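Here chain A shows up in two complexes: once beside chain B, once beside chain C.
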Partner chain A sequence: MAQPLEKVDRRDAKLALAHLFVAFAALALGGFAGLLQTLVRSGKFELPAGISYYTILTTHGVLLGLVLTTFFIIGFQFAAVSRTTGALSDGSRRLGWIGFWMMTSGTACTAFFILTGQASVLYTFYAPLQAHAGFYIGLALVVVGSWVSGFAMFAHYARWRKTHRGQVSPLLAFMSVTNMVLWLVCSLGVAATVVFQLIPWSLGLTDRVNVLLSRTLFWYFGHPLVYFWLLPAYMVWYAVIPKVIGGKMFSDSLARLAFILFLLFSIPVGFHHQLLEPGISPFWKYVQVVLTFMVIIPSLMTAFAMFATFESYGRSQGATGLFGWLRKLPWSDARFFAPFVGMLFFIPAGTGGIINASHQLNQVVHNTIWVTGHFHLTVATTVVLTFFGASYWLIPHLTGRVMTKAMNRLAIIQTIVWAVGMTFMSGSMHFAGLLGAPRRSAFSTYSNSPQALEWIPYQIAQAVGGTILFIGIILILVIVINLAFFAPKGETEFPVAEAAAPYERAALALENWKLWIGLVVALILIAYTVPIIDIIQNAPPGSKGYKLW
Partner chain B sequence: MHIHKYEKIWLTFGIGCLIVFLTVVGVSAFAAGQQPPSCLTTIDPEKVDSTPPFDHPGLVKKGDKEYELNIVVAAFSFTPNAIEIPKGAKVTINVTSKDVIHGFEIPGTNVNMMVEPGYVNSLTTTFDKPGEYTILCNEYCGAGHHMMTARIKVVE
Partner chain C sequence: MAKLITAARQTKQEKEPALKGTLASVFLLGFFVIFSWVSVYFLFLHRL
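Moving on, here comes the complex of A and B:
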C-alpha cells in the first residue's frame, strides 16, 4: 500500500523534537544520578556536601522512569501519527503544545522540590511519607498534560477515520491510539490518589490519608505504566524494523491483536506488586496474578512475529540452513542493531517478570535488588535501546539531516557499551537480590551482618556496570546532539513497513473501540471492585504525614 | 484472521505451559495453603504501644516448639531488636508499624512481608538451622532506612 505522506509535517516535527529534547535532558541528569547511586552503594564513595542518597534516588526514578519515557513516547507518537495519517490540524497541534508545556512545567516544579530535598519520597511516593505539595502538583501537571496530548492524538485519529470510512487505519496510528487509551485509563488511578488524597493532605486541608487505598491506586497505575513504556518499543519492532532491514511485516492483523490484548490485560493486575501486603485477601491477589500472566500471550506473539520477519527476510536473500538467515541481517546498521540487542535482553527480562509476579516466588525477591535488576533489563535496556535505535532515524528525519557513517559506528559502540554495562549491573543486582540484598537502600553492612557482607562484591560489580553505562549515556548524548544540530543536511527516511499479506477484514473489527474499552472497564471492575470496597470499608484509622528524611 | 501454522503450534505450546503453570501456582495456594502474607487484622497505628500483643513485644511460647514473635516496627528500628529462638521452633511472626510503611525481611530465608500502618501482617516460619539471622527493612522509609536492623539468634 502506498503511503500518501513520506515526511512528518515541519510544524509537527518541531512539536515532536521539543519532547525528545526534554527526554534526553532527563536522561543526562537522571543517568548521572544513577551513576552516583551505584558508586555510593559500592561503599567506596560518599556523596559530598551532605547530599542524601535518597534525594539522588528520587531524582533518578522520576527523571528516567517518568520524564524520559513519557516525553520520548509522546514525541515519538506525535511523529508517528503525523507521518502515517497526515499533518495534525492546527487545533490538535495546539493541544499538543499545551500538553507539552503542562508536562514541562510540571516536571520543573517536581524537580525543584526533589532537588531542594523537600520530596525525598522516591518516584512511588508511598504515603504516609509526605512530600511538599509542589511535588504532587507538578506530577499531576505531567499526567494531565499527557492526557491533553493524548486527546490531540485521538482527535487526529478520529478525523482520519471520518475521512477514510471503511479503511483500516495505518498501523502506527492504531498502535499510538491504543497506547494512549491504555495510558489514560491507567493514569486515572494515580491522578485519583494524587489529586483527591495526597494534594489536599499535603496542603493540610485533610489530616489523614488511607494508606492502602493510595498504594492500591498507585499500583493500578504502576504496572500498566510499564506497558505504556513497552508498547512504543513494540511499535518500532512491528512497524519500523521490518522496513529498516528491507523486509516486510509478518502480519498486520496479528500485530493489532497483540496490542489489543496488551490493552486488556495490562491494567487489572496491580496486586502482583502488592502480594506481600496486609489488608488484601489472597484470593483477589491470585485473580490478578492470573490476569497478569495473560500478557504472556501477546508477548509470545510478538516474539514469533519478530523472528518470523527476520527469518523470512534472510531466506528471501538466499539464506539456507536452520540459522543461515541470521547472517543476512544488517548487523552494522545501528537502527537495527540497537533494538535487536534490546529484544535479546527481553528474554531474561520477561523470564524474571514471570518469577516476580508468581503468587509464591514473589516472596523470595520482593523489594530485593533483584527487582531493580529486572526493570533495568526491561525498561532500561529493551525499551531504552529501542528508543535509541529509533532516535537514529527519527531525529535526523525531524531535523532534516542525515546520520553519518561515523555516527552510525559510534551508535553500534554505544549499543555494545550499554549491553556490557547492563550485564554487569543488572546481572549482579539479580544475584545480590537472590541473596537478600534490599533495593532502594544506601550502603549498609547492617551492623556487620554476615549476610550483608556477602553482598559487597556484587555491589562493587554494580558500580563497575553503572560506570560503563554512564559512558554509554555520554555516547548517546553525543550522537543525539550531533543528529540534532551538527549532522550534514539531507533527507532521512521515516521507515514504515508494509505487511507481507494484504489487509484483512479482521483488522477493521480491531478498531471497535467501544467494544475494547468496554472490555477493559469490565475487567478492571471484576479485578478491583470487591477488594477496593473492602479496603475502604475495613479501613483502619488513617495516617498523618511524616517527613523522615 | 489468518494465523501461520507454526505460530499456532508456538502459541498452543506457550498457552499450554501457561495453564499448567497457573494451575500449579493455584493448587499450591489454595490446596496446600502456600499463600503470601495477607493478614486482614487492623490496628490504630497511634495506639500500637497499648494494643495487645504489641504492648509487650517479643517472643511468646504458645505450645511445644510453637512460638509467636510480635515485633513493633517504627522509623528506624525494630522492637525488640535482639531475639533468641530455640532451634526447630515454629514461629508466627506478627508485625505492625507505628508510622510509615516498612519492610520486614530476613535474608537467607523466605521471611519477607510489607509492614503498613493500620495493619498487622503475619507469616509462619520454622527456624531449622542454628546461627545468626539479620532482620532488615526493605521498603524505603526515610533517611535512616538502611540503618534499620535487628538480630535473631537461633540456638540449640
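Moving on, here comes the complex of A and C:
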C-alpha cells in the first residue's frame, strides 16, 4: 500500500484551516487572560479600569475550554476524514461550512456579552448566576453548529461504508465518528438546559430555575466533554505517532476497542463532579463512580499500547536492555516530541483524575485550585501539546508548505517552555489545593487568616509558571503563523500509521454502531433515569437569577 | 493445511517482540498511581 503523498482535498483543506485559525485566535486571547489571572492571584497586580477578575476568568474558560478545543477538533477531524476516506462530497462540505459559520457567529455573540461584562458566569454558567440571554444563545449556536459538522462527517462515513461493503473503515475515520457520536449524545444535555431552562429564564419568560437539574444536565455533558477533547489527542497517538517515529501501530483492534470503551463509559458518569452536592442520593453517586472507574481500563490500554509501540520500534532498530529503546526515539522531531511530552504529563494528570473521582478524596480537593491544576495537565498540557504537535504537520500539509529546521527547533523549545511553565503553575496549584486554597477566586488574604497566608508563596509560583506559559503561547503563535503564511512552499506528509498485524475480524464487529449506541443509551438510562426523576419531583422552589459581578 | 497453520504461527511468533520495557513501564506507572492515591487518602484520614 505504498502510495505517493496522499493529500487532503484542497477544498477540504480550506474548511479545516478555517477551524484551525479560529482555534489559534482563541488561544491568543485566552492565553493572555490566563496570564492576567495568575498575576492577579499573586497579589502583586490589579486589573485596570475596574475590570472584574471573573470577566477575565470567563473569557479564559470559554475561549480555551470551549472554543479552542471544539474548533481545533472539528477542523482536525475534517482533515482526518478527508485524508483517509477521500474528499468530502459537495453536500457534506457545504454542511461543514454551515457548521463553521454557525459556530463562529455563536462564538462572536457569546464573546461580545462576556467582554462587555454582561456574562461573568464562568464557562460552566451554573445557575443561579444569570448571564445576558445573548451569552446562552451564542453558546447554543456553537453547539448546534457542531452538530451540523458532525452530520457532515457521519454522512461522509456512511457513503464510504456503502461503497466499501465488508471492509474495515480507516482507523482515523472510525475514531472521528466515534468522537462525534460521543459529542452528539452528550451535548444534548447541555442543549437541553440552555434551551429549555436558561434562555427562557434569562429572557424573563420564566422566573425561577431548577438549579440542581441544570447542573446535572451540565455535568451529563461536562465529563464526556473532556473525553471529546482527549480522543483526538489519542487519534494522533494511536494513528499518527507510530508513522512519525518510523514504526508501526501496535494494534489496530486495541485502538478501536479503547475508543468504544471511552464512548460507553465517559457519559453515564457526570455525578463524579457533583459528589458534594446535596439532593442526589449517595447510591446513584456510587453507581456513577463505579462507571467512572471503568474508564481506567481503556486509559491503561492506551498507556500500554504507547509503550509497546515505542519499544517495538526501538528494538527493531537494535535497542537492547530494559529501556534502551527510549534512546532510539526521534527526540529532535517536534512532531514526536510535543505529543510525547503530552503523554508524560498524562501520567500525573490521569492519577489526579482517579483521586478526584474517589468520593472521600474528592472531599479533600473539591473546589480547590488542585482541580484547576489537574485540568491544566489534562487539557492544557496533554491535549494542547498533542494538538501543537499535530499542527506542525497538519498546517503545512493543508497550506502546501514545509516546516523549516529553524521552526522545528523553535517548536522543541516551545514544548520545553510549556512543560517548565506548567510544572510550576500546575504543581503549585496542586499543592495549594491540598492546603485548601479555593479555585475561581480573585486574590484575598481572607482577613489575614493564617491558612490563607500559607497559600501566597504557591500563588506567586503560579504567576511565575503563568508568565513562562505565556511565552510558550507567543512561541506557538509565531510557529503557527509561519507555517500558515511564510514557510517555504512544498509538500508535507499527513502521516497515517499502518498496523503491525493485518486487520482482524474483530475490527468489523467494532463497527456495529446499532449495538454500541444502544449500549450507550442503556447505560445512560440506568445511571440517570431515577435520579433525574427524583431531582424534578422533589425539587425545592426554583431560584431567581443573580448577577453578582 | 496443518503445516500452513504452524507456518503462520511461526512467523507470528517471530514477529512477537519482547516487551520487557513495556511491562516495567506499566508497573512503574501503576506504582505511581497507587502511591499518589494513598498519599491523598492519608491526608483525608488525617483531617477526619
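Note that the second predicted complex is superposed on the first by the 544 of 549 C-alpha atoms of A that agree within 3 Å, B and C clash if a C-alpha of one lies under 4 Å from a C-alpha of the other, contacts with A are read in each partner's own complex, and residues count from 1 in each chain.
Criterion: a contact is a pair of C-beta atoms (placed from the backbone, for glycine too) under 8 Å apart; a residue touches a chain by one contact, two chains touch by 3 or more.
Since we're looking at a predicted model, the values are computed, not measured.
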Is A:212 touching anything from chain B or chain C once the two structures are fitted on A? First, second, both or neither. first
Which touches a greater number of chain A residues, chain B or chain C? B
In the superposed arrangement, does A:12 touch chain B (first), chain C (second), both or neither? neither
What is the contact status of A:252 with respect to chain B (first) and chain C (second): first, second, both, or neither? neither
Under the stated touch criterion, which partner chain does A:355 make contact with: chain B (first), chain C (second), both, or neither? second
For A:443, select first, second, both or neither according to whether it touches chain B, chain C, the two together, or no partner. first
After the superposition on A, what does A:364 contact: first (chain B), second (chain C), both or neither? both
Quick one: is A:322 in contact with chain B, with chain C, with both, or with neither? Answer first, second, both or neither. second
Which partner does A:279 reach: the first (chain B), the second (chain C), both, or neither? first
Is A:500 contacted by the first partner chain B, the second partner chain C, both or neither? second
Do any residues of chain A touch both chain B and chain C, and if so, which are they? 300, 304, 308, 358, 360, 363-364, 501
Okay, in this complex, where on chain B does chain A touch? 1-4, 6-7, 10-11, 14-15, 18, 21-22, 25-26, 28-30, 34-46, 75-76, 99-101, 103, 105-108, 110, 112-114, 116-122, 132-134, 136-147, 149, 151
Mind pulling up the chain A residues that touch chain C in the complex? 300, 303-304, 307-308, 311-312, 314-316, 322-326, 347-348, 350-352, 354-355, 358, 360-361, 363-365, 434, 500-501
Inside the complex, what are the residues of chain A that reach chain B? 52, 54, 57, 120, 122, 126, 128-129, 211-212, 215, 250-251, 253-254, 257, 274-282, 285-286, 289-290, 293, 296-297, 300-301, 304, 308, 358-360, 362-364, 366-368, 435-444, 446-447, 449-452, 501, 504, 506, 538-543, 546, 548-549
If you look only at chain C, which of its residues touch chain A in the complex? 15, 17-22, 24-26, 29, 32-33, 36-37, 40-41, 43-44, 47
